[in-house]
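Each of the two complexes below includes chain A, the first together with chain B, the second together with chain C.
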Partner chain A sequence: MQQAGNNNKAFSLKTRIKRLKRDINKWSVFTLAIVFFLALPIIFIGVELFAGPGETWGHIVDYLLLDYIWNSLYLVLVCSILVLLLGVSSAWFVSRYDFLFRKQMEWLLILPLAIPSYIVGYAYAGFFDYGGSMDLLFRQLGLEFMRIDIMNRAGLAFVLSISLFPYVYVSARAFFLNQANNLLEASKMLGVGELKTFFKLMLPLARPAIVAGLVLVLMEVLNDYGAAKYYGVNTFTTGIFRSWFSLEEPQTAVYLSALLICFIFALILFEKWQVRKIKFTSSKTNSNQIQRKRPKGAMKWLIFSVVFLPILLGFILPVAQLIYWAVITASTVFDMEFIMISLQSFAIAIASAVITVFFALVLIYFSKWSTLTTIKNISRVGVLGYAIPGAVIAIGIMIPTLALDKWLINILGNFGIDSGLIINGTLLALFYAYAVRFLAVAYNPIDSTALKVDNSIPDSSKVLGVGNLKTFFKIDFPLIKTGVFSAVILVFIDVMKELPLTLILKPYHIDTLAVKAFEYASDEMVMEASIPSLFIIFTAMIPVIFLNKLLIKK
Partner chain B sequence: MKKLILAIATISLVISCGKSKKNENTATEETTKEQVVNVYTHRHYEPDQNIFKMFEDKTGIKVKVINASADELIQKMKMEGKQSPADVLITVDAGRLSRAKDEGLLQSIESEVLEKNIPAHLQDVDNQWFGLTKRARIIAYAKDRVKPEDLSSYEALVDEKWKGKILVRSSANIYNQSLMASIIANDGEEAAKTWAEGIVANMARSPKGSDRDQVKAVVAGEGDIAIVNSYYIGKMLNSPDAEEVKTAQQIGLFFPNQEDRGTHINVSGAGVAKYAPNKENAIQFIEFLIGKEAQQVFTEANYEYPVLESVEPVKDIQAWGDFKEDTLGLNKLGENNKKAVLIFDAAGWK
Partner chain C sequence: MLTINALSKSFDKGKSYALENVTFNLKAGQVCAIVGESGSGKTTLVRLIAGLERPDNGSITMNEKVIASLDKFVQPEKRKIGLVFQEYALFPHLTILENVLYGISKVKNKKEKAQEMLDLVGLSGMEKRYPHQLSGGQQQRVALARALAPEPSLLILDEPFSNLDTMLRTQLRNEVFDIIKKTEVTVLFVTHDTQDALSVADEILILQKGKVIQKDVAENLYVKPNTLYVASLFGNTVHINKNLQNAFRCPLKEDCCHAIRNEKIIVSQSSTEADCEYITAAKVIKKIPLGNATQLVLKLESGEQLTVMTQDQNIADTIYVGFNSKDILEFDQEL
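Up next is the complex of A and B:
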């Protein structure tokens, strides 16, 4: 292949087509079909680009664009630093050391993911604002002049980092747990110190896993609307909403989305590029786990605090604030309906998680089995949905599905059947939208575990005449199981928290907790929003604990 | 492998549940011809649920609700076209209603009840939408630092003496956009622009947070006055959080422009969808919303001003006294909305 690549330029168009014909197989076709299906909403939005931007584009460039770019860059930069510090350090300590409450903290560290970041934003604003708990404490201490203002750009970066760092934590820890033992022993035998082992050996090796988590975080950061709007920070996403809804120009919003997508695309390329530089060969999943060290003295407390701090800031504080609000509003807000809504949210989230992961698996493996080399890159187009605001995707989904619905209505009408809308306003459209939106969340953990599978095993299975699908179920799947279930759980949590898309596409009489929380929060009833928020957190906690069990199991 | 089977079983279970539910629905609809009204609403207030229940109990018509922002609902209706199941669109501002009208999403209806009970400037000239409740955009001031005599109109806020004293939320907020739209309609575009620049120059801080946060910032001393909606003060005075109640008690309410056109008001309103499958139910529903019972709930639970004159506003807001309201036709708010946003951007009002 390498040689063929070098001679590429020598090929005439004719030979290229010949090669294409030779290399294309049914898996390539399937992959293309699925990518097309998942990219359809994005394509429909992309087509809008050719219509040119709206008339206010010039106005946006003059007054707002610089602000959007600058703020988004700031958030990307500051969140990267904070998230890496929090996520990698805690992942390393819980994998390498044994200390007080380690087992509990291992899963507590994932819990911040269970809180929608805009809720964390509200909680922190409530905590620090006038009459908030922190303010009252300062007043008690006679420090009235000390008021911490969190509602600004730096505060937003803090809030987003503290609620999203578990993406990095989860992927970094999975690497440390599964891969690190042999390397650590080797390093120990060679007499290399602890710090040096970490910085010279573990960190570079864990980089692909860490960056995969980081890319997810940054997509979420760029996509955040609720917190940025509340904290008064203008970003691309708030700009998209503004130009679409306040300026009434969908085309301008699409242009901003396109810029944002370029941004995200650059991030993805960066990730690919840096992973390519490190080729894994020692990639068999390690069966023996890390031998944890027991730190002593001051070190013990240092490690404990480093691990505890993110839990305190990302989970305990915001949840405490929410519980306080819930207690004072419980009588007006709570009723049995909440149990029903929780069950509905749970069922929808599980179903869409499984569907999304199915698509991710299919994409990853079909493109693997396809002999067409470029198909892997094409399949990556499918993950772009994560970069696009939920509201935009919802519109991208409505255009084609409504056309299909109308066509079906016509056809069925000929037979005298009044069918109404079959796809829109049903769970089907919602599941489709979630799959488009969250494919990246499922794709990355599976892809990174699949990368570690030594290809020689499935390859020998195929040489022995076993088909692709059978090989997958018998050999690949058991090897990547952890990745697959992590993916299911991550998508599950994301769907539990998802808002704009659900608002637009949800069927009548199906409510989700996130919708309920938003209804309150959007009318400044932040306190009343605390009860549905807590329900989201507790519903999402169950699979999070399950995820943790999966990751640490041998 | 087992887990995979389990997972697949879960999906099929959930999907079959969804399907069987759907079947049940269609089955009941066919047998009993259940009466429904499909409501697209931007009002996310809990008391509304009670009003819908009251309507169901009274008429036997089932209220089915989709909650989202008005902009998203308008997009949705546009795309659904003739197939849209929406019967009624409810928004929290007049601007969005008049936009829905311009997009051809609403229809004119004839209803003597609505015609008679809703003041002319609070309903559409073509009877495509009707105001349900009023809210005033007022000036909240720190009682200990500001004398109400120093306040007069929105326009006067650009005066030097308010430098670094004004708190107001982001221009992304529809209530600010509507206020600006009304200033464009009353004073003209040029004056509106100068006004926006003057306010930006006098701001105590860069706009952020909600209306409630502006009130808190006044009490915290970050500024002296805030431009906010009336009903948030009502809500704060009745908040379950004792600190918030204390905060609201330190605030005075001023209705601007009493000497001239009156205080800017906006309505939350409703219209019947162009392709409403249940038009009669929709009309009945809107008539119920401006009935005495519903109006009572609106004002008692949400501290809004009722549009029905025979219903007294709740005690808390009566205490603020009567005021003269700007009777500008609310259609103007929709027409000037985009101009308002452009002016905000150019003036640097975040």
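Up next is the complex of A and C:
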């Protein structure tokens, strides 16, 4: 009885508060501060909603909103179907069968990720354009009437799918390679055929992995600005840009952003629901790889074509088109200014990668040291930026920083100082935005390597009299170096490719390769866009290959 | 030296307790073993003492200073406690010498001190190696040297031998405690193996489901166990339930629980030969030779089954088993 009384008391409000007072430490406070800092853009969008919509909001609701919603739904639906077809089939074939160039194609299938979707869009637009390669081919064949118009909604869906399917491919392949072998053998022993095994066993089991990849694709689809703009399709993102730049109505942009956020959270809920509905426990010891089958005859060629097609469409064709254009335009584009822009691009990408990784490390370790479990859960909020489209984050940063700058200018003006904009339109705002947007990209690889370090290792450092920070530098960091390194590379690639956020927030006098390519394309100089595009692709390609090697080694 | 008072820890906000109202004392220089099954709360207790977890209730006092309570918490790095983890937790990217130096970076003559510790555990000459280049037993000794180097006032060993095979285990256990004896440090030694505890501990504390069941010297735990569980930890024990009481015609106190140690059960070929108060005839159903003894599965006259051990090689098909009242262990019913 006395014990029960004691323990009831242990969780009474009074003792809980006492414990909270004992357990809250500087790390808890820092973690909360950082999460708040990273969530600020979204909080501002929420707050700004209360200021009411802008003047044109009524016009947008009447004439454009339905278009935005309908187009976004169309893109989500069509892209889902296409990326599932391309991603899952290729992942299954390279995991299950052995065929000509299988090893090479396994990593070639990841390469489309190195090309930003808007660049794939430019290439295909040129390819199918009047006088483009396809047009010439048809004319050679006497099929002039066969011109395919790609500059529409369907074309956009195709372009986005062909450049984003690797997200599904990578997660599905990881599942097939690591988890499937025992099940496959069991299915074989039970006398079930190949097709039935795939549809009845592998596909349902791989669903959580596939859905996870699919949600990443759809987030990118909704994030896209460059391709949709070029193809003349009205989406939420193009709407946000139009309200901001053409209509100069921030409030309308805020309302569209809020709607887009709701759209995305519905997607995330869908994923959670899908994964919860079928939470499979997979044996972790199952590390033996799939025994690959060797297909024969027509089957061999069929499989080869299914796997080769996405590589051809997603990488070879667009790159070939870009190289062709690059050769034509090299003399006009490649000058001192271009080299400067490349260097700026590199410097910005490296700096923001380092800053973002710093935030990820701080968030992971501060929340670990805070000892309060609630803080650990809250810290996950900081990672949500990846779900928020770049344009939305940019608006969420633009509005408060403009207000803050106005305030600062006023104050400094009182002292007779003409400061100009301090935060807005500077690299500071840009780095901040990249950190918010790409935190998850840095967080995940670091977190997963950190999880592999047994807790007893940093614990024994502490017991030996060494504090948290010193333990981090002497023990944790050397053990998670590879995770940190891949995080830097991944963020670097993403920043190199990023367009919408950069377009809104970049300082006036600074350009990146992505912005340059976009500007050329917008000025009807799509051929000239090829050289900056190729630069982005090749800088992104090397790390993609490198990371794939790391992935295989794991 | 160490006082634990009403210590409680729950990992699910009070729905269940990993550790509940644990209270005990540890005298300086003592070796105390904490024995319990997995899930009994041993590791939680150790982590609370080391400062790697925070108590939900109760307090921990070390050398007259409160190091953990509801409103006070001393960080693990300030507690001067040495801890050897079950999986050793050596820093994989540091050499053996660097591992041992790690906790004494502010000490004068740290190099000499570290060397001294490595000599003590018999690993001199291996300073430049990395943990993965050592055997399990060697890693164990590095962990010990590393924990002892800062001269902690309390050394905690958390199941240090559970990763080793039986042969190596006994040898290493003796070696480790020979080393520890030389340092005169107070030791808390966690194990699920009673043999480990019996062979080195001055006192043994038994944990079950997060509660302290008994804390005593080894002899008393054997002679006067508090519960059937404690009794069975130190040797095979037969619970004398109602049916057995009837079979042996030995009426026992109603509201108590009784047991007899297996080695106190007397096996004989005839009823007259056996010198015991309670006796019954039994049929041998199965003989299992175990080398130095034979295990017999018996069916008593009453139909009850009983398993006993005997040194006797020639066992007839029908024998007599019995015991004396002085050997009966008695516990409170609820335990």
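Following the convention adopted for this analysis, the second predicted complex is superposed on the first by the 353 of 554 C-alpha atoms of A that agree within 3 Å, B and C clash if a C-alpha of one lies under 4 Å from a C-alpha of the other, contacts with A are read in each partner's own complex, and residues count from 1 in each chain.
In this text, a contact is a pair of C-beta atoms (placed from the backbone, for glycine too) under 8 Å apart; a residue touches a chain by one contact, two chains touch by 3 or more.
Quick caveat: nothing in here was measured; it's all calculated off a predicted structure.
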Touched partner set for A:Glu519, first chain B, second chain C, both or neither: first
Dominant toucher of chain A (residue count), chain B or chain C: B
Contacts of A:Lys21 with chain B and chain C, given as first, second, both or neither: second
Touched partner set for A:Ser460, first chain B, second chain C, both or neither: second
First (chain B), second (chain C), both or neither touched by A:Glu528: first
First (chain B), second (chain C), both or neither touched by A:Pro478: both
First, second, both or neither for A:Gly425, with chain B first and chain C second: first
Those residues of chain A which chain B touches in one complex and chain C touches in the other: 478
Touching residues (chain side chain A, partner chain B) in the complex: 56, 59-60, 63-64, 125, 129-132, 136, 147, 151-152, 229-234, 238, 241-242, 244-248, 325, 328-329, 332-333, 347-348, 350-351, 354-355, 391, 394-395, 398-399, 402, 405-406, 409, 420-421, 424-427, 473, 477-478, 481, 485, 488, 500, 503-504, 506, 508-509, 515, 518-520, 522-528
Residue ranges of chain C touching chain A (in the complex, touch as defined): 6, 8, 10, 13-14, 17, 20-21, 50-52, 54, 56-57, 70-73, 75-83, 85-87, 89, 91-93, 102-103, 146-147, 150
Partner chain C, residues of chain A touching it in the complex: 3, 6-11, 15, 18-19, 21-23, 371, 454, 456-457, 459-467, 474-475, 478-479
Of chain B, residues touching chain A in the complex: 1, 3-4, 7-8, 10-11, 14-15, 17-18, 22, 38, 44-46, 64-69, 71-72, 75-76, 79-81, 83, 85, 99, 170, 172, 177, 206-213, 216-217, 219-220, 232, 235, 239-241, 243-244, 246-247, 337-338, 341-342, 345-346, 348, 350
